[in-house]
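Okay, handing you the structure first.
Per-chain numbering from 1; labels A, B, C and D assigned in written order.
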Amino acid sequence: MVKPATPTEMMTIAAARALKSSDVCFVGIGAPSAACNLARLTHAPGITLIYESGTIDTRPDVLPLSIGDGELCDTALTTVSVPEMFRYWLQGGRITVGFLGGAQIDRFANLNTTVVGAYDQPKVRLPGGGGAPEIAIHCGEIFITMAMGSRAFVDKLPFITSLGHGTGPGSREKLGVKTRGPTRVITDLCVMEPDPETRELTVTSLHPGATREAVEAGCGWTLRFAEGLSETAPPTDEELAVLRDLHERTRRAHAGEA
Amino acid sequence: MASFLSLRDAIANEVRDGDVVAMEGFTHLIPFAAGHEIIRQGRRDLTLIRMTPDIIYDQLIGMGCARKLVFSWGGNPGVGSLHRMRDAVENHWPHRLDIEEHSHAAMANAYEAGAANLPFAVFRGYKGVTLPEVNPNIRSVTCPFTGEVLAAVPAVRPDVAIIHALKADARGNVLIEGITGVQKEAVLASRRSVVTVEERVEDFGPRSANAVILPHWTVGSIAVVPRGAYPSYAHGYYKRANSFYQAWDAIARDRETFLAWMDENVMKADAGREVA
Amino acid sequence: MASFLSLRDAIANEVRDGDVVAMEGFTHLIPFAAGHEIIRQGRRDLTLIRMTPDIIYDQLIGMGCARKLVFSWGGNPGVGSLHRMRDAVENHWPHRLDIEEHSHAAMANAYEAGAANLPFAVFRGYKGVTLPEVNPNIRSVTCPFTGEVLAAVPAVRPDVAIIHALKADARGNVLIEGITGVQKEAVLASRRSVVTVEERVEDFGPRSANAVILPHWTVGSIAVVPRGAYPSYAHGYYKRANSFYQAWDAIARDRETFLAWMDENVMKADAGREVA
Amino acid sequence: MVKPATPTEMMTIAAARALKSSDVCFVGIGAPSAACNLARLTHAPGITLIYESGTIDTRPDVLPLSIGDGELCDTALTTVSVPEMFRYWLQGGRITVGFLGGAQIDRFANLNTTVVGAYDQPKVRLPGGGGAPEIAIHCGEIFITMAMGSRAFVDKLPFITSLGHGTGPGSREKLGVKTRGPTRVITDLCVMEPDPETRELTVTSLHPGATREAVEAGCGWTLRFAEGLSETAPPTDEELAVLRDLHERTRRAHAGEA
């Protein structure tokens, strides 16, 4: 029998399911890249994947380690310059789904990937925003993938790297931002969605085997659960097999490089 | 006007202490060999500009070449932290490092504005985020037609741009293909430039009518350095050494292992002979 | 999302009376066949945008399709005047034509800004000249870093862009090579688009990694129209009919000869069957 | 023997001589294109020719009829988009010599190619500025080629399409323009240069056979002549032969197209 899904695999599969064949995705490295390619190799063969290195409509056979691996360019419809990527494609409003993750997230799905501690006297210096500040406002909607933990899901961010729902209803609108922002946060334990009224992240679905208690323990604020809380459908054999094949091909390909 | 030089002479001619230096290459075509030569020549007080600092800037920072870093994403892609950069920012080792931090969109636009000889770049960005509070170089302009307020950043105008490209022809025209990043913009935005290339050819031969080419009169010093992007890669020449990127994490985590590795693999290497 | 249609259906679906229409092609790949179909379908009150109006806009203007022209150079390249355009501006024949006039730099930047979803474009220009006195859409912005005053124009955001390209593949991706002008920008800046192509292929096959391609999901209606750019040209397919451009001077100089020529060569032609 | 040069040929040859092998030229159609290619085929083989259609370092075998003939692209080092041409290349300050011409010119080498009569009620509607307004301020220096005539060389322009020396000394500087502007006007009868002090166009060289009287008759203002007025060297046999070959090749090529 198939080995059961790990929490990370469940997160990736849940993210993949949220994608449609008609989507145009701005893909980040890690879980987003795995999720997007899993979607492409299963239910969404027509999906368009764009990496910020400039590769448009790429179909990598193995997952890239970086945002600009040769594999992405080799299999792309075309590759544009980075200024063009950020001007015509991202700011141009042509991306339907952007993926983000981060070191920290708050209840309104704002993200921090910049710094823990004071900016000038950092306790932990993180990589920084990269494409995130503009991905967060220009993509039609944002999916966030993050593993839960109380140091990651925090009550208050020391630094807002990218905008989620700000301080609640009307925040994005007040800033003149017309896109939907984070519409789901896919974790290793559950899926959260912003409450339609308060914009606060609310658990809408628990992954198989995950408990309310575990989810609550992995969150630094008092987490709300939706009334119609459901259970995430378990991974199908096909989903797991395709995802594991992809990771195995990737592992072999990267090991072979020096 | 392009001249062909050894890597040693190219760096010696074009890069001076205190310069504002942009070494670009978006994952692809990162000018590692040129960076190593800067380290060997002991340049100091550089302002280093780069969207994604990557291992090469980790090395330059760790070896004490940089006074300031201008960047938008400082990590080891797909691996984790740049430990030397973090050590400099968090603990001021080997000395204090000033940072000026942007988003990718801001820097891409700033290079584009520099290439276009504009004093600033305009874009829609930085909404609802903290960075403008800590970076005084993030300002705004108002659209004179709609009244919309947009983000503005100064154009990037380095003293010298350093890039690695695929080929130079006999006249010194430079060809880039694949993931072209902001390299063309970086060279056009800079006063001077060093271009390392995989090979020198008599003529580029058949190619796309719209091939990405820097004409010889826009380029400064050219050095032929095969594998000059390693452990980054060169489209059609060699692949990215992803395993080296993974190995770097352990090398750079500790100051002593870092210094030992640099001594063995960079300081003792000749210009042009790069390590594997 | 791209759909393949006949030229007649493509124009009927995408172009409506009163639309703001940008038909681009900088000498190369001018969408003549599509323009002729607009004339045949009798579209009226169009605002026509184009850097270099060329013969196709002379024809549209002379046939009464246009209410307004936005342009930067209105001549018959290497030959002389566009007589129908002049007749409209000087004598209001067949009716009054409003004009909004810019420089090439302004329009190129305005298309670029439109493609980038910006409300306006910034550039250094229009210094010491009269045009800003007669065009209220030429304004200025001040650099928030240096205080320099720069020219600003509104982004071009047409209702529909119409271009001619070389190839479309089975999914509707569109390939442009050679002199690419502002066609990519025009399509990306517009709400809708019509793309005519020389041929439809299953797959583009081997090509530059950086080929100029509009992905299918950025394109509206595609019509396969071989020689659809004639008397302009298509890189690798056929040459510019320079002699036709020269002959047009005599045809267009006089209203009657113009109308007779259009009747014979455009109005009586079927969509897709273009005249030589 | 070689047929003597026509005035237009003399103008083209005089313009070609002013170009250096190290120049990067922004070329217009007509006399500028002939002059630049003549220079390339004679004393300036390394000259870089750029046409505003995006073709960089082009080496056409025949003269283009338009700024974007296929010949220009086929023989170019590379071809860029028109926005890039105007942003990175022209505004980027990378052009050493720009060529301009026009329907009308004044004593300070300002040009009109827009309109004769009132802008809203034009007597003659001309093609307009095209690239000229920005060519005039971004190129290192400007060469102007125009045939003389009192309706072309006028005392006052009804419309300034592109800036020359404005109203005299300091005009360009006051506008923040750092380039040299028109450094010579090459006509069918003579060469003019701006006076170093007054910036007013002054005849510095008469073409062979051209008289002061003929030059004066072709100018709508009281034209000044330089103290050291010289005679333009007559066309060499090589210059004439190369130019006529070029025109003959061009004639044949364009006649063969339909």
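The rule is simple: a residue touches a chain if its C-beta (ideal position, glycine included) is under 8 Å from a C-beta of that chain, and two chains touch if they have at least 3 such contacts.
The shown structure was predicted, so the numbers you read here are calculated from the model rather than taken from an experiment.
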item	value
More contacts between chains, C-D or A-C	C-D
Centroid spacing, where centroids are CA-atom means, of chain B and chain C in whole angstrom	39
Chain A and chain D, separation of their C-alpha mean positions in angstrom	57
Mean-CA-position distance for chain D and chain C (Å)	28
For chain B, residues contacting two or more additional chains	112, 116-118, 123-124, 148, 178, 180, 185, 209-212, 235
Overlap residues in chain A, where contacts from two or more other chains coincide	73, 79-80, 87, 91
Contact pairs between chains, per stated definition	A-B, A-C, B-C, B-D, C-D
Residues of chain C touching chain B in the complex	116-120, 122-124, 137, 139-146, 148, 150, 152, 154, 177-178, 180, 207-212, 235
In the complex with chain D, residue positions of chain C that touch it	26-28, 51-52, 71-75, 77-79, 81-82, 85-86, 89-90, 101-105, 108-109, 111-112, 123-131, 134, 148-149, 178-182, 184-185, 212, 233, 235, 239-246, 276
Parts of chain B lying in touch with chain D, wherever the complex brings them together	1, 112, 115-118, 173, 185, 188, 209-213, 215, 217-218
Residue ranges of chain A touching chain B (in the complex, touch as defined)	29-30, 52-55, 64-70, 72-73, 79-83, 85-87, 90-91, 110, 114, 119-120, 122-134, 137-138, 159-163, 166, 171-172, 175-177, 254-255, 257-258
Residue numbers on chain D that touch chain B, as the complex places them	22, 24, 48, 56-57, 73-74, 76-80, 87-88, 91-94
